[in-house]
Amino acid sequence: MKKTQVNDCEDVLLSMRMIAETLNEVIKVLDREAIKAMIQKILEGERVFLMGAGRSGLVAKAFAMRLMHLGFSVYVVGETTTPAVQPQDVVIAISGSGETRSIADLGKIVKDIGSTLITVTSKKESTLGRISDITMILPSKTKNDLDAGGYLERNMRGDYRNVPPLGTSFEITSLIFLDSIIAQLITLTGASEAELKSRHTNIE
Amino acid sequence: MKKTQVNDCEDVLLSMRMIAETLNEVIKVLDREAIKAMIQKILEGERVFLMGAGRSGLVAKAFAMRLMHLGFSVYVVGETTTPAVQPQDVVIAISGSGETRSIADLGKIVKDIGSTLITVTSKKESTLGRISDITMILPSKTKNDLDAGGYLERNMRGDYRNVPPLGTSFEITSLIFLDSIIAQLITLTGASEAELKSRHTNIE
Amino acid sequence: MKKTQVNDCEDVLLSMRMIAETLNEVIKVLDREAIKAMIQKILEGERVFLMGAGRSGLVAKAFAMRLMHLGFSVYVVGETTTPAVQPQDVVIAISGSGETRSIADLGKIVKDIGSTLITVTSKKESTLGRISDITMILPSKTKNDLDAGGYLERNMRGDYRNVPPLGTSFEITSLIFLDSIIAQLITLTGASEAELKSRHTNIE
Amino acid sequence: MKKTQVNDCEDVLLSMRMIAETLNEVIKVLDREAIKAMIQKILEGERVFLMGAGRSGLVAKAFAMRLMHLGFSVYVVGETTTPAVQPQDVVIAISGSGETRSIADLGKIVKDIGSTLITVTSKKESTLGRISDITMILPSKTKNDLDAGGYLERNMRGDYRNVPPLGTSFEITSLIFLDSIIAQLITLTGASEAELKSRHTNIE
């Protein structure tokens, strides 16, 4: 692309330090009741559906993979064989702005169907924040106003204004948060796994 | 799934703190020469190709999106219209163990073609580490020996042994590292963008 | 799923015969001027973008792969590194009903940007049919009225009314039609490929 | 791409006629016992898994979508939340040559696990043909010897020799064949659906 001579990598280290710092700040302000309610809903749901656009969609998939590993019936909205959502299902939306059009539109349908809607977002006062049963706030320094509108639309228009600043990126925080939800789910479901195993050995 | 009563969320917070801590440790031991060499190769490559399996594949896609936003000609191996790799291209493999079979096999072909191969991994002494032009080590506490073999194969066999411990997950570290590479690239390429703009206003 | 005894496979053979018959009928009524105009636009476009939802999206990808093989700069809308659409690009929408919401919404944006929009559909009088520069009609016996609305939405609601009858399916006809466009493009671009080769040998 | 003047579209019509003709020939030589056995296995399997590379992978997805619509538990190998294959599952491989490396490798694992393996191919004497429980032959005029080897590998090397001739393409025939399998499955499962409905209304 460009023949610049790369003389240092200070921005790489600075950016990583900022992300670690931001993470520590986020941990302090997380709403513990919301976390508990979110985990409760995930455990109670018949099946779990994940949805998100762009990089938030990748975070949704990364979380879905882990849930599948733990034995959940889990689907990513938009994949080939994802079935219809039912009232007893839980749908988790990942959207930094809470305004990503395609995801907000699907969120409304989820509420029409009567399923539980959980949104992981940085904005409580947003379309998705207002209609969700649980809104899990991951505060972000980034002004996500730019993230509104349809994802594919903005992509098509070449509107990438949400790129920087990277040190406070919602996607990183949400990936770490959701992987930490998995840690809790391992603790919660792990016990019964041990039980199942011990019962299994007893029967043989 | 299960009707457990969720009474606390200490594991969530503990896991997030561990990830932040791990991140700070990783920053201290990063090989600055390797980072600079990696950025140099990305800038010099005709086009950039990303590849990875499973969650590492999602990290590869998240990085590819950002590179596209910055104006790079970038492709993800396995997507519909990804063209053939040419000698003047740069291929970046993301693999925690450096042994993921499908990615290691493709890495060998990349070297046959004569393209530059960069591997982001936690293991220098690995198949991908040994054949790469640049091996970017992101140290991880996780024993990634379990990550060896074909990804789809292990998935098919139900072999998810690499799930925990999550606090030290390679995928999180690599996502943060690569987003920080983007921060440096913005600095490096941003200057010329400003130049272009100033010239543009002069012409009008 | 079910323990039925399968005693015959007459429906399989009947369905295949119906598809072959439908195909022969479609060939008779194709608008040759539209086909020529479509090929002309594909050849003249700076880059080609394909879009479609559900099974039409798979047809779009199958066509995109072939165009890539022929040397076109081609992208599938929604994939990781698909860049912004520019006025000099050609966007091809695949939509049986011409009403698939997400695709029709993107079609409007394509026209806003000023790019060329080609729609392959079974309905001239449809949202996409009305706004497209070229509307390529592939007549279908299927009442595609059911195909209207957002694809992911209908999927989420479990609305699969467009499943049968399969003998007249738009997706099959469009895949065959687009693969036949490739046959024509091979003829049209093949000559210059031979030229390039002969020139290449002259230089060496 | 190129500023050629498009004066005719005879190749498009010729190619479509050839495909319709080929289709009629294929119907005549299909092995009815294999079709019945394939449908029987699909009905008896606990879950159905589809796999294929490149355009055959798109055909696999198109079939998987329809099976999902009919109420089957169906997964595409390689998608985000596809679970581990179990002995009581049925795995369907789509591979023109029967030699596509990644698919053949996975086929061997499927047999190790003890699941039922069905291959839809044009070559009985092939790696996948030899190890499958059912090999469904869709004869093709195309010499598919070129289709051997790893799909991503050949893509990476720019080896697209299997492009023409399109009139006899395995992918088109397999899509039509599999959609016709769906027609039979509708007949076979539809009856019980009606029964279920009538019972349902009786209960209310």
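In this document, chain identifiers A, B, C and D correspond to the written order of the chains, with residue numbering beginning at 1 in each.
Simple rule for what comes next: contacts are C-beta pairs under 8 Å (C-beta built on N, C-alpha and C of every residue); 3 or more make two chains touch, one makes a residue touch a chain.
Since the structure is predicted, the reported quantities are computational estimates derived from the model, not experimental observations.
Asker: Moving only from a chain to one it touches, give the least number of moves from chain B to chain D.
Answerer: Each step joins two touching chains, and the minimum needed here is 1.
Asker: Please state whether B-C or A-C has more C-beta contact pairs across its interface.
Answerer: Contact tally favours A-C.
Asker: With chain centres taken as the means of their Cα atoms, state the distance from chain A to chain C in Å.
Answerer: The separation of the two C-alpha centroids amounts to 33 Å.
Asker: In angstrom, rounded to a whole number, how far apart do the mean CA points of chain A and chain B lie?
Answerer: Going by mean C-alpha positions, chain A sits 20 Å from chain B.
Asker: Taking the mean of the CA coordinates per chain, how far is chain B from chain C in Å?
Answerer: The mean C-alpha positions of chain B and chain C differ by 34 Å.
Asker: Do you know which chain A residues sit against two or more other chains?
Answerer: 61, 65, 82-83
Asker: Going by the contact rule set out above, which residues of chain A touch chain D in the complex?
Answerer: Chain A reaches chain D through residues 61, 64-65, 67-68, 74-76, 79-83.
Asker: Looking at the complex, which residues from chain A come into contact with chain B?
Answerer: Residues in contact with chain B: 1-17, 19-20, 23-24, 26-27, 30, 32, 35-37, 39-40, 42-45, 54-55, 58, 61-62, 65-66, 69-73, 160, 163-167, 169, 171-172, 175-177, 179-184, 186-189, 192.
Asker: If you look only at chain D, which of its residues touch chain B in the complex?
Answerer: Going by the criterion above, the answer is residues 77-78, 82-86, 102, 105-106, 109-110, 113, 150, 152-153, 155-159.
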